[in-house]
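Note that chain A is present in both complexes that follow, paired respectively with chain B and with chain C.
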Partner chain A sequence: MSNLGLIISLLIIGAGLLWLLIRSLQGKEVERRIIFLFIGLAVSVPLLFNITFSEKATPIVKALYDKIDNLPEGSNILLSFDYGPTMAPEVQPMSDVLIRHVLAKNHHLFLMGLWATGQSLGAEAVDRIIKGDFPEKIDGIDFVNIGYKAGNQGVLNVIVTDFRKLYATDVGGRDLDSLPIFNGIKSLKDMDLLISVGGGFPGVKEWVQFAGDPGNVPTGGGSAAVSAPLLYPYYPRQMLGLMGGIKGAAEYESEFKRHYERFKDMPEPGVKMMGPQTLAHLVIMAFIVIGNLSYFFGKKGKQS
Partner chain B sequence: MKRKIPVLITFVVGSVLILSVFFPPIETWGEDFSIFFDIIAVFAFFLGGGNLLRIHTKKAIKRQKDWGFSIVTVLGFIIMLIAGLFKVWNDGGIAGDVAAPGSLFQMMYNWIFTPLGATMYALLAFFVASASYRAFRAKNVGATILLVASFIILLGRTPLGTYVTGWIPKSLSIFNIPDLAIWIMTAPNLAGQRAIMIGIALGVVSMSLRLILGVERTYLGVDNE
Partner chain C sequence: MAVTKKISLLILAIVIVLFAVSWIAKTGTFEDTGMPLGLSVRDGFLVTFAAFLTLSIFSFLYKDNPYYKFAEHLFVGVSAAYWMCVGFWSTFVGNFIPKVSEGLSNFFEVPYKGFDVFYFIPLILGIMLLLRMSSKIGWISRWSLAFIVGTTAGLNLIRYMRSDFISQVSNTFVPLVVDWQGFGAFFSDLSLNASGQLIMTMSNWVIFIGVFCGIIYFFFSKEHSGFFGGASKVGIWVLMVTFGASFGYTVMGRVSLLVGRLTFLFHDWLGLIN
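Let's look at the complex of A and B:
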């Protein structure tokens, strides 16, 4: 039944686009509201009928995956939530799968945020993923959330040499020195991997410039699709890997699930959102073609 | 005096931050100045919050255009502020995590702020589609190149790219759409981005020098001399 619904929906979208194509051959422009309607359909149909595609990790995503996977057990990995709710639907799947991967490998996970809005998202991730999938992991021993501090890259400038100059406690008000996970950890230089997930300022770029490079610590990231192209100059020497947009998240999720049998039933928001993205991209491409046809035929009509 | 002191502070802070990178004995000065900055950054929240209240309260009182939204803004701000400051319904009490699960602050964050923010971001897809329809037109050679590149990237960022060109032999893999999309990102895009970055960096160096040396004074609200 759902297949039938899917076929009917796709036929409606296809027929609608064909009708617009014929109109464009007559040199007629498409109204903005019609474009919005088609995008709405293209995004909702795959969600309603659960269309998913298999993904394979590209080298830039695989590099980050391999780094976490190949670090010796008990390594220190810091994950920074450098985003807010606006960007969360796109980048939260990256944070989710990274947390699962880091903890499944029994690494130590340090959570923080350079965005004020990141602290709540970090707390929510701890509550949903760590308490849900890793009830055996202990706060303060296996993972810790040190939260947000104001100052953007200024925060990195300080903690690259000493955490305690800025962070006296974790988000629960516990002294950092009383937490076993902080034994032997003085600064970011004691981390084995830094990961920033975000898409704005401050974000992956600032982590590379003010922490990874000066501290000589491997740095990776996850970024919203719109800002991913700006980060390519840092790959692969200064930024070892990057998840770009929802596709990057989907690739990482697929790679993780392929290797970790225990998580075969985990939610895959990235993979799930690739359906809407695929159909939306196709509709956008169709509109670009329609736009060009109406432009050329409209011009020809005016000339004649 | 009102101008000389800020210029002097800018000169000292700017110089120390630069020199601390090159001279290890004063490395800690740079860190201390960064901490000062972090402390000052916190006060920006007070200024921002105060300004928001002032503007929107005034708008609501004078019943200016869209004054209803201003009331929602002020109420939202005050309720979130109270929930966060006094840690309402927070299991850890006043010393607990502001974002503790179950607290009023975190509930409002999860169930009001997050969906609203996500909705705003989601609107982007609609505007991108509309803008693509209007902007990507093959009017000349440059626009056509941009159009072709956008097609490859759009297709390469979906699994369809693999389905359409997955049959291409490995020796010709550059014509595989996902590989072509990666090439566009790592070659032409990279070159362009680097050029922009170098340009921006040179601009930052020159502007920083102007600020440190007191040539640029517009940040003080006065014209340059």
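Let's look at the complex of A and C:
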């Protein structure tokens, strides 16, 4: 039944595109709302009929995965939530799977945020993922959320030499010195891996510039697609790996599930989003083709 | 005009009725999960209100309207208030109070870290910044602003110079033949693997030619003709491909956000998908 619905939906989209092509060739205007409608349909159909594709990690995603996987148990990994709810649908799947991977490998997880909104998103991730999937992990021993401090890249500039100059407590108001996880941790230089998940300012770029490079600490990232192209020049020497957009998240999720039997039933928001992505991109490509055909062969194009 | 007003009132009535129906329906849904009645009523309202705001924003795709304006203004107001509250608790209470007053530290339940007079400098600069609201002594805020601009420029200059200039130049010096061990080894190990010798060598050539031609395109002290002109044209192509890739990524990002909202509508609100 769902296959029938899918076929009918795809036929409607296909027929609609054909109708658009004919109208365009006839030199008639296509209203922008029609375009919105097609994009809406192209995104909704795969969601409603659960169309997904298998993903394989590309080297830039695999590099980040391998780094976390190959670090010795008990390594210190810092994950920074540098995003807000407006960016969350795209980058939240990255932080989710990273938290699962880090804790599944029994590393120490330090959560923080250079965005004010990152603090509550980090707390929400603790409630949803850590308390749900890792009830045995103890706050302050296995993981800690030290939250947000104002100052953007200035924060990094300070904590790359000393955490305690800026962070007196974690988000729960507990003195950092009273937390076992902070034993022997003075600055970012004591971390084995820094990961920033975000897509704006401050974000992955600032982590490379103000923490990874000066502190000589391995740095990786997960970035919203909009800013991912600006980060690729840092790979592989200044940034060991990157998840670029939801495609990167989907690749990481697939790689993680392939190797961790325990999480075979975990939610895969990244992979689920790739179905709508694929169909939406196909429709956009069809629009570009239709636009060009109508320009070169349509009545209006010939007149101009 | 009267007809437009009637239509607006009709739409408002429909929205109110649909909102109420959704609230009741969602409340019932949460009751099934065994949650307390008070909580389910609240959650039913929150989910319905979130769906209303999402649809209000989407309504801008048709045309500008009061529902869109309401959602937009609410978002701006809530965001501003949120940032201010988090700033107060994380920076003022989290950083300043523990360094200036034991009594206040006890009041706010944060550990006292010993008195440090230097922490009054940012406090004074912050107060000076707020003086901007005064028309008479607003000029004082420029001193704080100058401090912010100066320190940020100084910090960025050093970091950009290191990470985005020196390191990036260094990153461009890549071997044009990767792991060369002779033709025999090259052809026997030939593969299209992304980390294989052939692909890595080709990637390095793309970086070399791309950077070289891209720089030539921005070199205006010599006429772009002959070899120089050809390289400049390749540079334009490299830039165009870069812009295309950026646009493609932007499309992917925007579609992801749309998927996020539709997932909320289909899953959390309408319950159409698992």
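Keep in mind that, in the parts below, the second predicted complex is superposed on the first by the 295 of 304 C-alpha atoms of A that agree within 3 Å, B and C clash if a C-alpha of one lies under 4 Å from a C-alpha of the other, contacts with A are read in each partner's own complex, and residues count from 1 in each chain.
To be clear about the criterion, a contact is a pair of C-beta atoms (placed from the backbone, for glycine too) under 8 Å apart; a residue touches a chain by one contact, two chains touch by 3 or more.
Just so it is clear, the model here is predicted, and its values are computed rather than measured.
Once the two complexes are overlaid on the shared chain, A:14 sits clear of chain B and of chain C alike. Of the two partner chains placed around the shared chain by superposition, chain C is the only one that A:208 touches, whereas chain B remains out of contact.
Contact with chain C, but none with chain B, is seen for A:47 once the two complexes are overlaid on the shared chain.
Looking at the shared chain after the overlay, A:132 reaches neither chain B nor chain C. Judged by the touch definition given at the top, the superposed model places A:295 against chain B, while chain C stays out of reach. Applying the stated contact rule after C-alpha superposition, one finds that A:225 touches each of chain B and chain C. In the superposition on chain A, A:238 contacts chain C only, with no contact to chain B. Once the two complexes are laid over each other on the shared chain, residue contacts for A:74 go to neither chain B nor chain C.
Of the residues of chain A, those at positions 36, 39-40, 43, 58-59, 86-90, 119-120, 147, 149-151, 154, 157, 166, 173, 225, 229, 233, 245, 247, 277, 280-281, 284 touch chain B in one of the two structures and chain C in the other.
Listed in rising order, the residues of chain A touching chain C in the complex are 33, 36, 39-40, 43-44, 47-48, 50, 58-59, 86-90, 116-117, 119-120, 147-151, 153-154, 157, 166-169, 173, 175, 199, 208-210, 213-214, 224-226, 228-229, 233-234, 237-238, 244-247, 269, 272-273, 276-277, 280-281, 284.
Of all residues in chain A, only 30, 32, 35-36, 38-40, 43, 53-56, 58-60, 84-90, 119-120, 122-124, 127, 145, 147, 149-152, 154-155, 157-158, 161-162, 165-166, 171-173, 225, 229-230, 232-233, 235, 245, 247, 274, 277-278, 280-285, 287-288, 290-292, 295 touch chain B in the complex they form. On the side of chain B, the complex with chain A involves touching residues 27, 30-31, 34-35, 37-38, 41-42, 44-45, 92, 95-101, 105-106, 109-110, 113-118, 120-122, 125-126, 128-130, 132-134, 136-139, 147, 150-151, 154-155, 157-160, 162, 178, 182, 185-186, 189-190, 193-194, 197.
Against chain A, the residues of chain C that register as touching in their complex are 61-62, 82-83, 86-87, 90-91, 94-95, 98, 109-111, 113, 151-152, 155-156, 159-160, 162-164, 167-168, 170-171, 194-195, 242, 245-246, 249-253, 255-263, 266, 272-274.
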